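Scrolling down, you'll hit the structures one after another.
You will see two complexes here that share subunit A, one where it goes with subunit B and one where it goes with subunit C.
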Partner chain A sequence: MKNSKMHLSTETMNLGFVRKVEALSGSSVRRCFQCGKCSAGCPMRTFMEHPPNRIVRLLQLGQYERVLAGRSIWYCASCETCSTRCPNKVDLAAIMDALRKLSWDADGPSKESLVQLANRLFIENIKTYGRQYEMRLAAAFNLRSGKLLKDFMLGPKLLTKGKLKMFHQKNRNISEIERIFSRIEEMRKKGEAP
Partner chain B sequence: MSRIGVFVCHCGENISRTVDVERVAAEIGKLPGVALATDYKYMCSDPGQGLLKKAIAEHRLDGLVVAACSPRMHEKTFRNAAKAAGLNPFLCEMANIREHCSWVHEDREEATAKAIDIVRLMVERVKKDKALQPITVPITKRALVIGGGIAGIQAALDIADCGHQVLLVEREPSIGGHMAQLSETFPTLDCSQCIMTPKMVDVANHPNITLHTWSEIENVDGYIGNFQVTIRKKARSVDMDKCTGCGVCMAKCPQKKIKSTFDRGLGTRPAIYVPFPQAVPNTPVIDRENCTYFKSGKCGVCAKVCGPGAVDYDQQDELITEPVGAIVVATGFELYTINEKPKGSPIKGYGEFGHGTIPDVIDGMTFERLASASGPTGGKILRPSDGREPKQVVFVQCVGSRAREKGISYCSKVCCMYTAKHTMLYKHKVHDGQAYVFFMDARTPGKSYDEFWRRAVEEEEAVYIRGMVSRLYQKGDKIVVMGSDISVGVQVEIEADLVVLATAVQPRQGADALAQKLGISYDTYNFYSEAHAKLKPVECATAGIYLAGACQGPKDIPDTVSQASAAAAKVMTLFSRDQLEREPIVARVNERNCVACFYCKKVCPYGAVEEKEIRDRQGNLVRVVAYVNPGVCGGCGTCQATCPSKSVELEGYTDEQVMAMIEAL
Partner chain C sequence: MPTKNLLNYSYYPGCSLHASAKEYDESTKGVFRALRIGLKEVPDWFCCGATPAHNVDELLSLSLCAKNLSLADNVEGDLAVACAACFSRLKTTQHKLAENDIKRKQVEIAIDGAISLEKPVKHLLEILAKDYGLDRLADAVKKPLTGLKVATYYGCLLTRPPEVPELDCVEAPTIMENVIAATGAEPVAWSHRLECCGANFTLSRPGVVLNLSNEILASAKRAGADCIMVACPLCHGNLDIRQREIEEANGTRYDMPVFYMTQLLGLAVGVPAGKLGLESMIVNPLPLLREKQLL
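The block that comes next holds the complex of A and B.
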């Protein structure tokens, strides 16, 4: 996929997807003229198979499968160095956010990626407890990902320092949290929220 | 005994870095006849010139040697300084110890010794210099403009508006040039015809402009202020005085299928034609190669239908000779031919682009005709092959340009902008179409230019792909474009309906031949050379000849118009004087020795040698000798070298002076 030939036509260029990205991120994709400054300063560049500038370039050509197939968007640390320094006011950090969102919605190939899993469990925890319950997050993640012993040895250390609690501490205003979630759900149904 | 002053310049460090300037001055000071030898950091500066002026008065100097840079650089400066101090300027000479010595040597000892030699030679020469008076020649205040495109039109109008007579010579049947072919112009997208045709009409109606269309320059004689130009008025086969421009002849001509060069072969025209409806003059011309009457002697329809009887099959080429004082060369450009390789030319074509074999692969100018409201499709973008509206159009930039292997290493300057314009014109006419552009760089230096290009990308949604196209080939009714997006690093393939190649800008064919007639220089591509790339961008090295437009190098319309007006200003500067002062470095004939062999006449490249009759008081012819017309003489010295009786000498370079220089070595 990464190196295969691109056949460009109005059918193969999904410009609708690009417009969605632009709407979600509030940033123009077309404005980029490929100076490469985003990639030059990106701290995560070495981990990405598509550097940030190429992500924008692929978007300009409507090649969303190539963007979503890669792991670049998940390696982005949202440090916003790219957005801060871009000479053309392309908000790449926001575009990355939008891409992660769309990747999720599109049942993209990275839906089952570990980052996605972690994000999902994180949100589920918030929904259930009204705050984060790290012990459950770690346990659930290790079980679901199949990496049972991942970061296992960190546990005791964190426990002794009080950074990790054995039992959850429920938020007293859990009903407020529930209202937030249901409101977002409501807005989504009406199409007011992405 | 002479009293020569020698002034040795450091030129900052340019000379003093390798030449021991003080030692040069000291050594030269010892020579007989040298009254003063001194050095200074910058002789050309105001204090340096002051030093020179003061010394002339104080030391009663009768000759100067300035040991500094090339005479091309500052001879005029120091001669003016000498003149201001009351010394004849031709008694001041330059000894070039910079270009000829310090810049080309490293060893300080040897360079200093050479510098001393150079200065010593010049001292000997100056001792034998004579005070000369400048030659004045009259100026014919009439200009010739060669080429009736936008450059020639602008220059002609500016000069004519200033009150001087202008001859405008155009090779084609109508003025207008390439600009008349364009649809819209960047970066404002105003219609080319709408801004061009009023200017064409202005030319036709201007009382100071004489228009010679369908004419070419046959010969140019003379020099600045006094050129004699022979113009070949090609046989039009139509009497321009009688023709009313009604167009009946064109409508009735049975030959209708001749491909129109103006429409880049997309449309057709009759054998008797005007290139386009807005032509100036609106007088048709008979294309004798394709006319049935000229081919077989039968037909003659145009002559029969012509009311005023203007058609004249017997018309012959006419040669006219006109005196002019200045010449503006504005012969413009032509487009690189993608497949054809002209014989003997270093320029190569691109077989891989299939231009000429695939009908829907066209060049940029052809696209202009497709987009033009007055074009063969009435402004509709239609494929040449089947007349269908193309939905995917691929534009390829830098075809020919910036391709050393193909013989052109320069950037053609206008293609980035006109391709951006093409994508916009296409989008405006085909709303559901998609334009792709393969480019290496987008070069948009100009007012509102980059914004224009960005508009094509951001608002008109042209897809720009950085990378050159490898090959084009026909597949069914599509053209497969094989390219690469180097930003992504993958190959790209597009099945296009139409491919437009942005071809390089080249000088006109025959530009070199015209340059030889005019005596102006040109570069390896046949673009005409300006006298100085920065400080004399519109003047030729040949005095009295000026350049405007793309004949000097690829140029867009704003730059062309600016240069044309600049050339006009130079012509007007020349015409603001009644007489012209010339350097008196000319050949003189010793009439007593001349044996009238006229070898000098044969070798003179300027045609300055005349035969002069010497008569006694009764008017009897005594003998004939050679005479050099000082107004025409270019001071090259060829006659001096040729003369078997040593009767011709070039002022300032006499045999005596040259011998004295050799002996001083």
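The block that comes next holds the complex of A and C.
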């Protein structure tokens, strides 16, 4: 797909999507003139099928399916190097957040399931406990990803070093967190929040 | 009663400091006590949402941080934050809500309360270097870390993007070097102090971490560093906890102790070694510290 020929016409370009990304991210997509500084500084570019500057170019050309279908957006580490160095103040890190949200809301058209699983479990943990419990997070990840033996050798070492807590308390005001989640959901149902 | 504190802060430790980074919490409290800087933990704080929340749900991320900022208002003093990720999220929230009325209104509804953005959020580095001051810090040193070559590792979120943390120059910061130099240690010049360690891919795609963190360890070794100093639990996890794995994957050996900055500062200002969580480190730092006669 990445090298396949691209036919540009009003039928194949979805410019409404660009405006959506711009509204969500608060950053211009159209201001990019392809200097490539973002990709030059990106620590994750070797893991991506589309380096950051090409993602912006594909968006400009309305080719959002190509962007969302790949792994690239999920392999962004949010290190903010791109946004820091862009000469045109394109906030690429924020654009990546917006793309992930759009992909996420569409129930993950991307192939990259492991990063999405980790994100989902992390957020579920916050909703349930108010705080992050690393051991529970790692255990749930292994269970749900089928990688049961991932970091098997690390566990006992971390336990003896006291770095894994076996037990934990719920936050006393956990109901407040639950209410934040439900209020956000309500706003979205009414179309009052993205 | 102990003598009166010189400075007082509210304190947001973040989730890691209560588990995998407990030595960061312990050593932070030890150093601040020794310097007579008060830290009062914000009661019932929540997770800031870290990277996973803002990755897919900005409104959730902003709401969690806004809630924490309003909880912090109940405790006196600027908000001291130890974790680079929590620091970045809290500052980003202040920044975004101050400049975007639509997001601000949505967050107000989500947390069902007023949003307060006034309290300064400060990373420990800023408190030590700017509020407490490097001269005072140098005066507080009881055991100089002379002869210890330190690779100061900033990672991503202490400096980027420049308008958010406002901690130091974004491409050529010196705050970590200045702080550790105040103890008599020698910061080395090295290439990878601002490169990403692979961050939270440690859970989902550890191969990324084995790759990126290897570059960082190799760069520190090349520069002749005895150890790496960090100010972020995630960086520490990747460089210390995964170091053996990195060595195996790359067929090399680093034996590079990775200290939290407060562990090194603690040694210098006379916090007992037993109260710095040195035994929690995966790469054993004791041979190095003995060799340099710092124990």
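The rule is short, and it goes like this: the second predicted complex is superposed on the first by the 190 of 194 C-alpha atoms of A that agree within 3 Å, B and C clash if a C-alpha of one lies under 4 Å from a C-alpha of the other, contacts with A are read in each partner's own complex, and residues count from 1 in each chain.
Rule of thumb we're sticking to: a contact is a pair of C-beta atoms (placed from the backbone, for glycine too) under 8 Å apart; a residue touches a chain by one contact, two chains touch by 3 or more.
Treat the numbers as computed from the prediction; the structure is a model and nothing was measured.
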item: Fit or clash between subunit C and subunit B when superposed on subunit A; value: fit
item: Apex subunit A: angle to the C-alpha centres of subunit B and subunit C, given in degrees as a multiple of 10; value: 100
item: Subunit B versus subunit C as contact partner of A:Ile126, first or second or both or neither; value: second
item: Partner chain in contact with A:Arg144 - subunit B first, subunit C second, else both or neither; value: neither
item: Touching partner for A:Arg136 - first (subunit B), second (subunit C), both, neither; value: neither
item: A:Ile180 touches, of subunit B and subunit C: first, second, both or neither?; value: second
item: Touching partner for A:Met6 - first (subunit B), second (subunit C), both, neither; value: first
item: Touching partner for A:Arg45 - first (subunit B), second (subunit C), both, neither; value: neither
item: Contacts of A:Leu58 with subunit B and subunit C, given as first, second, both or neither; value: first
item: Partner chain in contact with A:Gln34 - subunit B first, subunit C second, else both or neither; value: first
item: Touched subunit A residues, subunit B compared with subunit C; value: C
item: Shortest span in Å between Cα atoms of subunit B and of subunit C, once chain A is used as the common reference; value: 23
item: Subunit B/subunit C common contact set on subunit A; value: none
item: Of subunit A, residues touching subunit C in the complex; value: 24, 26, 43-44, 47, 75, 77-81, 83-84, 91, 93, 97-98, 100-101, 104, 114-119, 122-123, 125-126, 130-135, 137-138, 141, 150-151, 154, 157-158, 161-165, 171-173, 176-177, 179-181, 183-184, 187, 192-194
item: Residues of subunit B touching subunit A in the complex; value: 391-392, 432, 434, 436, 454, 457-458, 461, 463, 465-466, 485, 487-495
item: Residues of subunit A defined as touching subunit B within the complex; value: 2-10, 13, 15, 28, 30-31, 33-34, 53-54, 57-58, 60-61, 63
item: Subunit C residues touching subunit A - in the complex, by the definition given at the top; value: 15-16, 18-22, 44, 46-47, 49-60, 63-64, 67, 100, 106, 109-112, 156-157, 160-162, 170-171, 195-196, 198-201, 203-206, 208, 212, 241, 245, 279-282
